[in-house]
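Each in structure tokens, the structures are laid out below.
Both of the next two complexes hold subunit A, though its partner changes from subunit B to subunit C.
Right after this comes the complex of A and B.
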């Protein structure tokens, strides 16, 4: 059941209707039922995997919680008799035991993801090695990759770490935890929510709030516009440009970078708008995942504003724990001693950054293109960090230039193009081919052929360009107008105007959307991750 | 508050009207090309009073001329046929037509029995979009959809044809709210002469059994006619093309079926010489379909059968009916003499 299908619209409408007509006490049961029905329609066989993750998460969290409770009770009972140092040692010993439980839980949780998602990739790598030594081949099994498994696994494992850190108490009710893992609007492409901010909302009693409902409805419609009018239109050209790479080199690679930027922005932010909007209609507020990322002035800023919940997940659960881990402390000591204070201080941070970006790349997909994508992002961030003193000197020398709008525009354009360039690894899929095509941007000067009719040679006609450019312009204007407060919130307070805007949006989507026969029905790109 | 509600209702109404307008604008009109797409809808403009109803695919709407049947035998008839009309589509069109009238004879062309599954979206649209919304139409849609199609797009064709906004032309504006009549009681005239004979032999099939799905709908048509007291006749139009070859093995199954159920079946392929079909002059596409000259010969031959074997009588004594049909004949000959081709 695709988000942009009629069946999903009917399903969502029915869910909202039942949600508000049944007693508030059972609202969360409706959400749980709807989530499993939604997942059943995605593939009945996938249910086994989500149930597995739910059971593993539930049991691990409960085991850790019982240890925490016992620990707290013991400390409370012996507060008077225990020295502070004894308490500390006791707690440290308990934490270690908890870590053992957590490790098993993470192994089982991530293990399933690793087996299903990365087996073929690893075996293909092994086969390449075996082939090099002429030592035969291993057969590569075809495994199911359940919809949204990366998202719900990361969300569940994040919850386990939170319980381990005592940031949250483990959920006692299995079905409430099952809802947290499977909540259908965010099941297939995030955002990756935290237990602390989502769980209570999911099970709370929600009365109908007209303002919130209207704002959510506007956001859902806006998401449909971004996905069906902008992303799916851009996809027509992106598909052609990536299918005929021998022909489309030089300036066409730049065209692909721009078109794919429009596609993935419309696709991912559109999907998230539908997810958050639908949740808002149900009275549930999900974490935001984007904050106008294409107006970022640096790569670091871009990653604070793009797929924010994934970024914070990796920061909180990978980067920080890795940075303060014992092995990293040892590395820090060693490097300071042997490489000097300046380099030694940075080495552990760099190591943690590289590991985080490697895993971020791997999370996006089992392929070298994703790994290289992650590492290139990392490289750009680290190089920027190293060049920071140079930038500072430049800023001090040319304060007026740096403060000008033109400089901001240059920074934004530079970041946008750089991120787009790296992102094209996602389109071409093949690393050497991508590097070769990047090279052609400098060696093949085919601007004349492009503007002499080539711009209409990759499945795009004048009208498609017009729709895409108008769509992008509308998004830019809406983003600009919504700087202080999102446009949907403003509209929600003026129901008549909102009604008019919704009607106009529906007409535009129905008429100019790239859907139906003649267009490939397209899943959201992030469904694949 | 009341004002706001009224405004919102008006807005919804305007949006609905606008969507209806956009739907009418973007739907193909089938007026200057692919005219067969306009055939099904034309029936609703006709007075439902016919002695014979023809159902089937291109072989009926290109092979039988109702004006000739009237002119020579005083028999009124209508063709409910469309391009690659599948057997279940013929059944549902028959079911729908019988809600409007009860003819004495229903003639079904058997070529489409070879198809057991939905075939082509474009042909489906030409057949189904023209039907009026009814339970019959919904069943026809369900039976006909290919995997890529969606049910909703038949109820709201804007979902299918929305991308035509890029190719809108004068025809879309001219025929926004009305259509011209392109057929003569369902007959789509072709006056071009392009003779030919099949040079390539048809490839043999692995299995000649006619699909169960199409035979099931043949049963349904037979039962429906029996229920209404209508004579159900089977025919196979003559053709001279390998692509649409009618295999002897298929024919044997129809012969057996007709014998089993006491039906009349006329295979006109071996009778082509007797009918007087000249494949060098009576076809407009090298033997695939008959042109108007071939169609008149076939109709003339079939009319005799309808009179002699089905007992149909001339209704030319009915002055009002004669007047209506004279107008139809005038239009028919005007086009025939003009020699228009599509």
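Right after this comes the complex of A and C.
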């Protein structure tokens, strides 16, 4: 059941209707039922995997919580008799035991994801090695990859770490936890929510709030527009440009970078708009996942504003634990002593950054293109970190230039193109081929052929260009107008204007959206992550 | 406190750390800065800051960071 299908619209409408007509006490049961029905229609065979993750998460969290409760009770009962050092040692020992339970839970949770997602990739790598030594081949099994498994696994494992850290208490009710893991609007492409901010909302009683409902409805329609008019139109050209790479070199690679940027932005932010909008209609506020990322002035800033919930997940659960770990701090002390102050200070940061980006790449997909994508992002971040003193000197020397609008525009364009270039690894899916095609941008000067008719040679006619460019312009204008307050909030306060805007949006989607007979309904790009 | 301010000043010479109250929200300290800071604190104060303490409230100002160091040292 695709988000952009008629069946999903009917399903969502029915869910919202039942949600607000049944008693408030059972609203969360409606959400749980709807989530499992949704997942059943996505693939009945997927249910066993999400149930497995839910059971592992529930049992692990409950075990850790019972340890925490016993620890707190023991310390409270013996507060007067225990020395401070004894209490500290006792707590440290308990934390170690809790870590053991957490490790088993993480192993079981991530283990399933690893087996299903990475077995074929690892075995293909082993086969390449065996082929090198002429030692036969291993057969590669075809494994099922349940929809949204990366998202719900990460969300669940984040919750386990939070219970371990005592940031949240473990949920006692199995079905409430099952809803946190499976909540259907965010099940297949995030955002990756935190237990502390989502769980209570899911099980709270929600009265109908007209303003919130209307704002949510506007956001859903806006998401449909982004996905069906912008992303799916751009997809036609992206498919063609990546299928005929012998022909489409030089300036066509730049065209692909721009078109794929429009596609992935419309696709991912559109999907998230539908998710957050639908949740808003249900009275549930999800974490934002994007903050106008294409106006970022640096790679670091871009990654603070693109897929934010994934970024903060990796920062909180991988980057910080790794970089502040005892072993990393010991390494820092050692390297300060032997390699000097400057390098010693940087080593933990650099190790943790490389590991985090390697895992971020791997999370996006089991392929070298994703790993190289992650490491290239890491390289850009670390190089710009190293060049920071140079930038500072430049800024001090040319303060008026740096403060100008032109300089800001240059920074944004540079970041946008650099991120787009690296992102094209996701389109070509072949690292050497991608590098070769990047090279042709410098060696093949085919701008003349492109503007002499080539721009209409990759499945795109004048009409498609017009629809895409107008769609992108509308998104830019809406972003601009919504800087202080989102446009949908403004519209929600004026119901007549809102109805007019919704009707206009529906007409635009029906007229210009990519759908209907002969249209191969494209999945959201992030569905299979 | 002076020692901490010197470390912070070394990270961002242009920032007035005595006055800043929202180092995270305003994007002055990013994740790379925080890890560098934690490494420095570990080295200068001999205090290890665990990952669960790396939350915005503990790094929002020089005073908050210093309070964290004192608390962890006390514990």
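Assume the second predicted complex is superposed on the first by the 529 of 529 C-alpha atoms of A that agree within 3 Å, B and C clash if a C-alpha of one lies under 4 Å from a C-alpha of the other, contacts with A are read in each partner's own complex, and residues count from 1 in each chain.
Keep this in mind: contacts are C-beta pairs under 8 Å (C-beta built on N, C-alpha and C of every residue); 3 or more make two chains touch, one makes a residue touch a chain.
Keep in mind the model is a prediction, meaning the values are calculated, not measured.
In the superposition on chain A, contact of A:97 is made with neither subunit B nor subunit C.
When the shared chain is aligned, subunit C comes close enough to touch A:385, but subunit B does not. Between subunit B and subunit C, the partner in contact with more residues of subunit A is C. Contacts of A:499 after superposition on the shared chain: subunit B is touched, whereas subunit C is not. In the superposition on chain A, contact is made by A:461 with subunit B only, not with subunit C. After overlaying the two complexes on the shared chain, residue contacts for A:205 are found with neither subunit B nor subunit C. By the touch criterion stated above, A:338 is placed in contact with neither subunit B nor subunit C. Shared-chain residue A:24: touches no atom of subunit B or subunit C. In the superposition on chain A, A:512 contacts subunit B only, with no contact to subunit C.
Taken together, the two complexes place no residue of subunit A in contact with both subunit B and subunit C. Touching subunit B in their complex are the following residues of subunit A: 6, 461, 463, 495-496, 499-500, 503, 506-507, 510-519.
Of all residues in subunit A, only 88, 165-167, 300-301, 304, 315-316, 319-321, 323-326, 329, 332-333, 336, 345-346, 348-349, 352-353, 381, 385, 392 touch subunit C in the complex they form. Within the complex formed with subunit A, the subunit B residues making contact are 4, 7-8, 11-12, 14-15, 18-19, 22, 26, 121, 148-150, 152-153, 158-160, 162-163, 165-166. Here subunit C touches subunit A in the complex through residues 14, 27, 30-32, 34-36, 38-40, 42-43, 48-52, 54, 75, going by the rule given at the top.
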